[in-house]
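Per-chain residue numbering starts at 1, and chain names A, B, C, D, E and F are given in the order in which the chains are listed.
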Amino acid sequence: MGSSTDNRAPQFDTSQPGIRQFQSWIRERTPLAVQLLDGSGVNGVPRWVDAEYLGLEPANGGELILVARQAMALIRPLL
Amino acid sequence: MGSSTDNRAPQFDTSQPGIRQFQSWIRERTPLAVQLLDGSGVNGVPRWVDAEYLGLEPANGGELILVARQAMALIRPLL
Amino acid sequence: MGSSTDNRAPQFDTSQPGIRQFQSWIRERTPLAVQLLDGSGVNGVPRWVDAEYLGLEPANGGELILVARQAMALIRPLL
Amino acid sequence: MGSSTDNRAPQFDTSQPGIRQFQSWIRERTPLAVQLLDGSGVNGVPRWVDAEYLGLEPANGGELILVARQAMALIRPLL
Amino acid sequence: MGSSTDNRAPQFDTSQPGIRQFQSWIRERTPLAVQLLDGSGVNGVPRWVDAEYLGLEPANGGELILVARQAMALIRPLL
Amino acid sequence: MGSSTDNRAPQFDTSQPGIRQFQSWIRERTPLAVQLLDGSGVNGVPRWVDAEYLGLEPANGGELILVARQAMALIRPLL
């Protein structure tokens, strides 16, 4: 109804190849290099993905960080 | 109905891991380092999060500031 | 119905803390420092906020300007 | 119905103060200075606004140009 | 219903002045200068426009390229 | 209904010329040069496209990378 309680999580469809690829990397704990919109990067192991964020275990250890999916430009597996 | 009164708050789903992570940081008053889309940053303690903004108590004290969630690239807990 | 006349004003929910904070600053005529996505800034007194824009009375006087909410990264009250 | 023919023109609500401000500037042929997301600018007289674009008569004459509303950060009247 | 097959092509309304302007430039094969969000540009003759892309015949010949409409800041006809 | 399980994959309409163009490049394994919003680029052969990502086989070999469609400005075929 579009009321103030009409909350939506757009763009999360687990049947899409992109989300399935994230889920495969999560299952296999594949280290990723994420390039952000400003050209900077962050590396780590993905733990989960949702409609808005990627939960990433930083390459240098430490607590899980959130990467805003809207800020990501390229995602490369590090083999 | 999509009329001019059809206001929506997209992308706020409290069952999603990303929003739950924010809520946990808010409960525990975890200091955060937020990296913005232009590479600049802002540190502080999160007080609330909604569909569009994060309410942040600045690290150096002072009044609550609003961080637009669309402008955030990375969110790291400072331990 | 999603037809070509289905116009929408997304993301404007006056029950959300972020919008309530803007409304409080508007009522109290609190001067704000708005940091934009490119790191530049604009200061002024907020007069109204809607789904897309913030109406801002510039700090140096002059006519009301529109700040696109999508372009805002941080909003800080100037006390 | 959300089918592939479900086309939408979001964010155009003529009862909102921001859109009403544009319509007033259009009626009065007020010259505007538009600052874009990258900090660059374009000046001109607005002729129409729709859900996505502002039709602008350039300050130096010539054909109408389209300014993408998503790319606009600040809009100031030039008096 | 918002299921995983609820695909949408937002923001394409052929009754809007902006889209009608593109369609007129396409019919008349008007060369355009498109300024992108990062300030760079691309010139060419528009062949079609849809909800997300502009199909552009490059000024220097060669194959059609896709310009993401979300990346466009200004569109100027070259006369 | 816009509940918290109302997940959506916006902007993927296989009848649109832009998506059809991607599908043609995928079928013919056409190498592409993708220019991102920050002006940087990535080259490769497209393998699939969905509502959010382009799966790209890098020009220099190696594993498939994901290019966020929201981060793409220009897509040119390399002939």
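Some observations on this one:
The rule we apply is simple: contacts are C-beta pairs under 8 Å (C-beta built on N, C-alpha and C of every residue); 3 or more make two chains touch, one makes a residue touch a chain.
Nothing here was measured: the structure is a model prediction, and the numbers come from that model.
The greatest centre-to-centre gap from chain F, using C-alpha centroids, is found for C. Farthest chain from chain E, judged by C-alpha centroids: B.
Chain geometry summary: the mean Cα position of chain C and that of chain D are 17 Å apart. Here the spacing of chain A and chain C, counted between their Cα centres, is 29 Å.
Measuring from the averaged C-alpha position of chain A to that of chain D gives a distance of 34 Å. Annotation for chain D: residues touching 2 or more other chains are 2, 4, 6-10, 13, 16, 37-38, 51, 70. Those residues of chain B that touch chain C in the shared complex are 1-4, 6-10, 36-38, 40, 42, 48, 50-53, 55, 58, 62-68, 70-71. Put simply, chain D touches chain C in their complex at residues 1-2, 6-13, 16-19, 21-22, 37-39, 51, 69-70, 72-77, 79.
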